[in-house]
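Heads up, the next two complexes both have chain A, just with different partners, chain B and then chain C.
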Partner chain A sequence: MAFAIINGLTTAMAVFLVAAGLTLMFGILRVLNFAHGAFFMIGAYVAWSLLGDAPDSLAAFIGGALGAAALVGALGLVVDQLVLRRLRHVDEHYMLIATFAVLLICVGVAKMIWGMDFHSADPPPFLDGGVAIAGLFLPKFSLFVIATGFVVFLALEIAIHRLWLGKMVTALAADGWMANLLGVNVPLGTTLSVVASFALAGLAGGLLLPNQALSPALGDTYLLLAFTAVIIGGLGNVRGAFIASILLGMIESFNALLLPNLPGLAVYLGMIAFLLLRPNGLFGASAS
Partner chain B sequence: MRIAFALAAGALMLSLPLWANPGLVFIAGVTITGAVFALSWNLLFGFTGLASFGNAGFFTIGAYIAAVGLRADHGAWFLPLVGASALAGGAVAFIIGIVALRRSSGIHLAILTLALSEVLRVTVSHTAALGGNDGLPNIPRPRILGFDFGAGDRYYWLLCAACALLAAMLWWIVHSRFGRVLRSIRMDADRTRFIGVDVAAYRLGAFVVSGAVGSAVGALYAPWSQIVTPDLAHWIRSTQPILYALLGGASSFWGPVVGALAFSALDYATRTLVGLSEIVTGVVLLVVLMAAPDGLIGLWRRFAPKLSKSMTPAPRALSERGFAEKMS
Partner chain C sequence: MTFARRTILKGAAAGLGALAAPSILRAAEGDTLRVALITSLSGPAQLYGNFIKIGTTIAADRINAKGGALGKKIELVIRDDKGSPDGAVAAFRELAGMGIKLVAQGPLTAPLLATLPLLDGAGASMVMVGPSSASLTHENFNPNAFRLGFSGPMAYSGFASVMARKYPDVTRWAVMATETDSLKDLARQFTLGLKREYPKLAGKEVEVLDPLFASFGAADYKNQISSLMDAKADGLFNVLQGADAISYYKQARTFGVENKYRIQADSGNELSIAKALGRNTPKEIWGWTGWYQEAVADNPVAQEIYKDYVGRTKDEYPNWFMAIAHDSILAIVNAAQVAGSTDRAGVLPAMAASAPLGATGKITFRKEDQTFVGNLVYIKFGADASDPKGWRVFESVVLPGAEFVEPATPGKKLA
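Moving on to the complex of A and B:
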């Protein structure tokens, strides 16, 4: 039982790491980014290329993840300038499909650079193995993922609600035209948030690299779960995505416990129920 | 000129087994089913303004019904099986539509349909009676009234005929009164409601037709590929008709067919290099979205009059998006 909760929390924080960037992007651009999972996958590959199969130390591991975040953030800048910027005023369906096209390109490039073989990496020595807490044997890496999820969440909370930058971005998301009138540099703010969203995808890829089967299809599973978290949490709401991720992680974990024959089903059923009953999500503002 | 093109393309597809290698014929069959599947999706997107990301679910329902029926040696009843698949697909679409269309649209509808088809995929892949993850292999081709479609390329022609029939049916629906109402809903749902049209009922109707046709195409596909797997319901499969329709041009009826042919040719040409086919597909799609939102057909309408001024009297369709309502 307690083990299921820890497991659920691990899944939850892994999903949140992916969902955070996704929901940030939606808040600003009103785009559900299909390519987010692909950039997560690229982040994992970049970290693997930097670190190899077995990272030497915790510092190197975190450095690798930050490197992946920087590189994917830079890629985000390219995508923003080449694609997103040009389609900003187009129907949402076309935007959705454009991000899908970016996803295809990313998967193709990943296949060309890193090939089709599966790779994997170990956690750094400090996080390998487990600890016994109150008679439970818990893998250290799970605890690390949970801690990272909380740290990223707190950082985003502070950045969005306390710092000037976050306030600018919030204003911009609420009413770009008005923000522009009040002297906010809208294009700069938008680009910064897009880059931040991509960097978060890269960071998540780097941090979740250990214990994964690294393949070009890596993004798919996380993308769908993150979509679910973003929608249940209310599109564009980081706090909502955080709570929704925890909810999802628990659903997933107890699904594995209670319905071992149908893994992954309860999450979708939960999402469908949510979409029908509360289409605006937990904390979503009602559609204006 | 357009009719000449269509006839030439039709003759090319029909004569394919006579001169092409079996691999190419197989791809052609898959392309034809994909094209009609894309037509059924575009009835929702291009003509009603609803984006579904879960139509692969309907395709899967039909494919599994046909697979189970044929494997149980009911090959003589293949055409009724296709009909039953259409009914089943339509019924499922009706149930989903009644709940989903009233409550969601736009991105919510896209994700809701995506989730529903994932539920189908997960369920099928864990149902032992349907072969689980491995699917149902060795599906025999039908044998109707003693005529064996398993021999040679006979089933290919049956596939062509059935798909042509489904496409004709969709064409008729789009160009009927029903289709005109759908188009007015896509252009402005509020005004259409205002003149006394039950918008929800028409949307539901389009959803049911799309589901029924998608399911029938799935049933035709099963004996062609001779294996069905839960991956048919994977969300990547749901994006296939979207690619076809946008590449060809979603505002034109035949756009998805043109897109399917162009896409398959592209895929076939780039199949040898790992990763290249995704990159080419993605880049082409992006270019189409940014430079020619009406797809290949839109491009053709824009440039064909200039190329052959003597043949076409006036450049009639400078198709801006939303104005390209002249159906081919």
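Moving on to the complex of A and C:
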């Protein structure tokens, strides 16, 4: 039971790391970015290319993840200039189709650059292995993922609710036209938000690299749960995505414990039940 | 007189069509012997499709180096099924329209089930490249197609036999599986095999615990691994495949699963595990594979093909689909050569009767249901700090497939 709780929290924070950028993007552009998982995958590949199979220190590992975030953020700038900006004023369905096309391109390019073979990277030595706490064996990397999820959440909370930049983004998400009238540089704010969203995807890819196999299909691994967290949390709400991720992580973990023959089922049942009870999600559809 | 742009475009299209038509007709009766390959060059099975493509290309090049067949050079016409039945049907119709009568297709079962009914109308013969589903030679048996692959019951009965021979004292087994029908069926076949082979070979009854399941494509297996660490078993059969398996082995290493279990048996990931995990590969894993070059060191064809593959790709560890794909083209072209034409009235009996030497050995099919009954190969590999790669293959076992193949019931479901 105790292990299931810790493992649920690990899953939750991994999902949140992916969902954070996704919900940020929706908050600003009102678009569910289908390509988000692909940029998560690219972030993992970039970190692997920078670090190799075995990062030699925690600092190098975090540096690799930040490098992945920077590069994927830069790719976000390119995608914004080439695709998102051009479709911002047309029907949102076009944007969905465009991000799906970006997803396909990203997967194809990843196959060309890194090939089809599976790869793997170790955690840095400091995070390798496990620790016994009260008779419970816990992988160190799981504890790191939990800590990282909380740090990223707190950083976003401070950035969105305490910093001037966050308040500007919140204002333009709420009413871009009015924000523009009041002197907010809307295009700049929007672009910065998109870049931040992509950078979060890259950061998640780099940080979660040692947890699973690296392949061009990696983007699918967390994406479904991340979409679910964003929907349950209330589209565009980082705080909601964080709480929803914890709920989903626990549901997923206890599903494995209590319904071992039906893995993954409880998440879908939970989402259906939740949407029936609170169709707008935990925190409504307000922007963060 | 005025010309509308649409009129000009229509005229140009008609002209190009008229020019193209004779070349299509020429293709059917041209200077080359066209052989079709339908495989997955995109979609979920792309990794295996790529191995199949290179295996068939090696086969065509080798046949051509020896003068071709029926007095012509072989020309492979390759199409992508995109991993879907619709993609396979579209590809097949196009190839049939080109007049191609010799078809190789695989490895996925669903696209094969979509194209098998089309063989009769197209007058084509097919070799199915590597599919494992028993249904293809049982309830969905098609007399125009031969399976050059290993049925699940055959491969996993043999696997259980290897375990009973090598580890007669390991009589309690745990199973970790993905919750999909096909992989659950592999777990069932292995379990049935254990229960049959242990009493026969080790004189002991075997207990198999209820499988632990994970979702397909899951990111986290730690809850299941925690249960595996508590399980009262000393053998572990893993039925996760692809990226799922790599993720699982990565996470299992942290918990020390390799130290708890005396032996881990892997359903079909073979050396992709070691290639991905390097020095973090578990200490010992037994794996089933359709082909391993060092297990057939006395087969000159296997060695030549292996060298050819390494020369082309610089990869020293090909997936077994490469060899099976080579043998598929060899078998069907050899049959046409023996029959003296691509007409299936001659090709199909020739396929059944002849046994050319391929990478897998003599390529032989059981007459009743046209399923491959070649050798089964199992390898033991694991971490080895003294090897620059961090891992190596320790040993291999070859078993005669004919001894483990399930009973033939063409047209009827296997009981």
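Note that the second predicted complex is superposed on the first by the 284 of 288 C-alpha atoms of A that agree within 3 Å, B and C clash if a C-alpha of one lies under 4 Å from a C-alpha of the other, contacts with A are read in each partner's own complex, and residues count from 1 in each chain.
The rule is short, and it goes like this: a residue touches a chain if its C-beta (ideal position, glycine included) is under 8 Å from a C-beta of that chain, and two chains touch if they have at least 3 such contacts.
Remember, it's a predicted structure, so these values are computed and weren't measured experimentally.
*Asks:* Would you mind checking whether chain B and chain C clash or fit side by side on chain A after the superposition?
*Replies:* Here chain B and chain C cannot both sit on chain A without a clash.
*Asks:* Have a look at where A:Asn211 lands relative to chain B and chain C in the superposition and call it first, second, both or neither.
*Replies:* second
*Asks:* Is A:Met1 touching anything from chain B or chain C once the two structures are fitted on A? First, second, both or neither.
*Replies:* Touch status of A:Met1: no partner.
*Asks:* Could you tell me if A:Ser253 is touching chain B, chain C, both of them or neither one (first, second, both, neither)?
*Replies:* So A:Ser253 only meets chain C here.
*Asks:* Which partner does A:Ala14 contact after superposing on A: first (chain B), second (chain C), both, neither?
*Replies:* A:Ala14 sits against chain C, while chain B stays out of touch.
*Asks:* With the two complexes superposed on chain A, say which partner A:Asp53 touches: chain B (first), chain C (second), both, or neither.
*Replies:* A:Asp53: touches chain C, not chain B.
*Asks:* Touch test for A:Phe137: chain B only (first), chain C only (second), both, or neither?
*Replies:* A:Phe137 sits against chain C, while chain B stays out of touch.
*Asks:* Just chain B (first), just chain C (second), both, or neither: which does A:Leu103 touch?
*Replies:* first
*Asks:* List the residues of chain A that touch chain B in one complex and chain C in the other.
*Replies:* In the superposed arrangement, which is not itself an observed complex, chain A uses residues 111, 116, 261-264 for both chain B and chain C.
*Asks:* In the complex, go through chain A and note every residue touching chain C.
*Replies:* 3-4, 7, 10-11, 14, 53, 111, 116-120, 122, 128-130, 137, 139, 141-142, 210-215, 217-218, 220-222, 225, 252-253, 256-257, 260-264
*Asks:* Applying the document's contact rule, which stretches of chain C touch chain A when the two form their complex?
*Replies:* The touching residues are 44, 46-47, 50, 179, 212-215, 217-220, 222-224, 226-227, 229, 242-247, 250-251, 254-255, 272, 275-278, 280.
*Asks:* Applying the document's contact rule, which stretches of chain B touch chain A when the two form their complex?
*Replies:* Per the stated touch rule, the residues are 45, 51, 99-100, 103-104, 106-108, 110-112, 114-116, 118-119, 122-123, 126, 235, 239, 242, 246, 273-283, 285-286, 289-290, 293.
*Asks:* Mind listing the chain A positions that touch chain B in their complex?
*Replies:* 32, 83, 86-87, 90, 92-94, 96-98, 100-105, 107-112, 115-116, 224, 227-228, 231, 235, 261-265, 268-269, 271-272, 275-276, 279
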